[in-house]
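Reviewing the structure listed below.
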């Protein structure tokens, strides 16, 4: 008896959950479907869901017009590059904060986060001037520097909360067992820190991939990532829904797929130590 | 292992990017149809000259922001920039643009339409090469007019337009009598509203640079606009710009549309437009007996920043992209109706073009009737037709555009909007030292 | 416990991050501060001169400043309210046994990965478009006059788009927190005869407090500087209905190219952001210690 009730309940809850999930996902699904329509069908009323002549024409147009792969590789280079450099700088800092905290550690952390609140538009001109003089405009290095700096506070914060969860007792125990510092780091700490670092890395790649102000304003061609690619489809003349959809799909698909595959690690990292 | 190879990979790519720029030009342009066609045809240029091209194609507002930042800070990121009739004289006066003195003998500079050439010339020197040019006119649906028993005159008045728009509107069938720009921006709704105000005898500034939004002419013009759009306009008009209205017209939602003449080739293109075979044209409307048709003139043109290291190659490209041969090239591939219009006299004398482009005559008339040195029937201290050619106008025009789009959305009354516009314009002009 | 030596080592380890961030903050900030006392318009080179507090005077005299301030708060508050309440409810739902839980979860988190520009474009053109949008189609199916989203309820439209992007984030964190709640604790409360409502308010909600503050903190940081969504959809309008502080400064710096005025605005925004930060970070900081 109890069992049937719980099954029925499960069915109802599942139905609601699926409904909500599909609703939230719908704009993405719709973009995906529209990218295979002709411009005419894309705005047809009533809308066509699955029964239309599927075409790859939009993807072809988009690729010949704007060289998707160059933008894609620029996105990968800058997002991954800034994440790696960010981690190299942030790991020691977060480590120190987590394992030798002082009275001011928390203040430093909060100050770091507060630098993220600088309005980017307000400092564009100074940064543009500096970049011009250092010849960093439209270079991967320049973009990597900016992306590293704007995401560094988040990286430090995430790593800090993560490292803090590593029990210090284990370290002491291993020291008792006569482990050297090197062994301690390799065999005890690293395995415990890797998941945290991995999820920080994932989140940071997503943030860097989607950053749309600096990436657009500091690049022209050689380093222009996918955000610049999208800007050429945002409101052109004539009918553009299908081409826009194709470009959008191309811009978000890589990161969406990466995000889906690494969902578990990401969720872990996203909790910012909020969950014990 | 993975990490280090990635780092190495990205480093080597950076090096590659830095060395791979022998003879190449970076071109910034707008994502309008004619420019995209230019990009598609440009491999031919590379083949002929060996000069490689890097295209940066952006949405108009982003493009303008990017190129202005770059040229004002001498960033040197572009060799060729797509700029308009507004920027060219101002930038040339600042010494930011390279003079175009190497376009070559067969460029035939005298073939450029006089109004267009004048808009790009400072002190007798051409500073940008016109790619396509436009005035404004009425595009209307002949079938809907016939149904309603209306007859569009060649040079209609606003009274007639208002009347016709209301008659044609059929909200249940999603047909709206009139589509006009409403999206805020100096190049969006303010371009249209300035032209409308011109035709109503209004002006932006008097001869002492005092803003004139408190004048009865502006009041009349803005009231007409808001009333007409509320009664006969499409929903969401306050966020519609050129492209949104174009899409609406192509889908057959608009009875009339007053906008850039260049739209004519899009709305008559059967591949894109559902109403291609029932579009008629008329001059931009007038009011009273002013005979003022708005004086809209815009030239999308290609300029070379003074800081460009490749000015010679860049001029070569300009000469190619704005030449008679380029028009022939487009015509041979896409048909005469699709060539970039409005720049060359010879185009309008070409029977093949007149035959293929039923809108050619109206476009030429509209362009010839645009007077940009004195756009209003009253005296004005500025030049420019649907804009005011002073550096402050981008900011002021956008701020005023926001206020007027709020009036269109019904968030403020027309009187309030005009009062705010007056106040904000006065403040900006004061700040810029016009009253000292 | 920490010795002098480890303290020094710790300081050394922290210094690259701290110094770099300091430089990243101070160099542009001091340039901005300098520009904010200058009459400096990029479009009129060679006319720079010292103006004292003129830029600040003009910035505050702009009637749009207060509107922008209010809009910023409404936007942040609105999105926080929707994502926190929606996120909690959704997390409670996803915490139940569900057929195909993994897939539902993938569907729910997907919006978080979408570029802000893309999501704004998609919502503007394909969902909320008053003529071609799906919403207007649905409205017409039910015989209702379609809503002109960006004309009639511009702020609500922006809030909805941004909430859609951030709801997954809130849901994920709260869900993880929920799953760490002791089953025994819940059962014990159930034994004591607590109804589902009191269970939620006395057991679950206090347990979620920490997760919720983290969501608030991170989201506020990102929401204060929302830009792409506004730029793409309403351009701050109609009027100034959706102009937040970031967008106001954008208009001044990149449309008017009035670097002096924009710098003054930037400085004001930094000060305001820091007030919010101080306020918020203190609360969160306390909460995170617990």
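In order of appearance the chains are A, B and C, and numbering begins at 1 in each one.
The working rule: a contact is a pair of C-beta atoms (placed from the backbone, for glycine too) under 8 Å apart; a residue touches a chain by one contact, two chains touch by 3 or more.
None of the values given here were measured: they were computed from a predicted structure.
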Per Cα centroids, the chain farthest from chain A: B
Maximum inter-chain contact count - chain pair: A-C
Between chain B and chain C, centroid-to-centroid distance (C-alpha), Å: 35
Separation of mean Cα positions, chain C and chain A [Å, integer]: 16
Overlap residues in chain B, where contacts from two or more other chains coincide: 65, 69, 73, 247, 251
Chain C residues counted as touching two or more neighbouring chains: 42, 132, 254
Residues of chain A engaged with two or more neighbouring chains: 43, 124-125, 129, 231, 233-234
Residues on chain C engaged by chain A in the complex (per definition of touch): 2, 6-7, 9-11, 13-14, 16-18, 20-21, 24-25, 27-29, 31-32, 35, 42, 90, 93-94, 96-101, 103-119, 121-123, 125-127, 132, 134, 137, 141, 164, 167-169, 172-173, 175-177, 180, 210-211, 213-214, 217-218, 221, 224-225, 227-228, 232, 245-246, 249-250, 253-254, 259, 262-263, 265-267, 269-270, 273-274, 276-278, 281, 285, 288-289
Chain B-touching residues of chain C, taken from the complex the two chains share: 41-45, 58, 61-63, 129-132, 136, 146, 148-152, 154, 233-241, 243, 251-252, 254-258
Of chain A, residues touching chain B in the complex: 39, 43, 64-66, 73, 77, 80-81, 84, 124-125, 128-129, 132, 137-141, 144, 216-217, 220-224, 228, 231-240
Contacting residues of chain A [partner chain C, same complex]: 10-11, 13-14, 16-18, 20-22, 24-25, 27-28, 30-31, 34, 43, 45-47, 89-90, 92-93, 95-97, 99-100, 102, 106, 108, 110, 112-127, 129-130, 149, 152-154, 156, 161, 206, 209-210, 212-213, 226-227, 230-231, 233-234, 241, 244-245, 248, 251-252, 255-256, 259-260, 263, 267-268, 270-276
Chain A contact footprint on chain B (complex, rising order): 3, 6-7, 9-10, 13-14, 17-18, 26, 28, 31-33, 36, 39-40, 54-60, 62, 65-66, 69, 73-78, 241-244, 246-247, 250-251, 266, 272
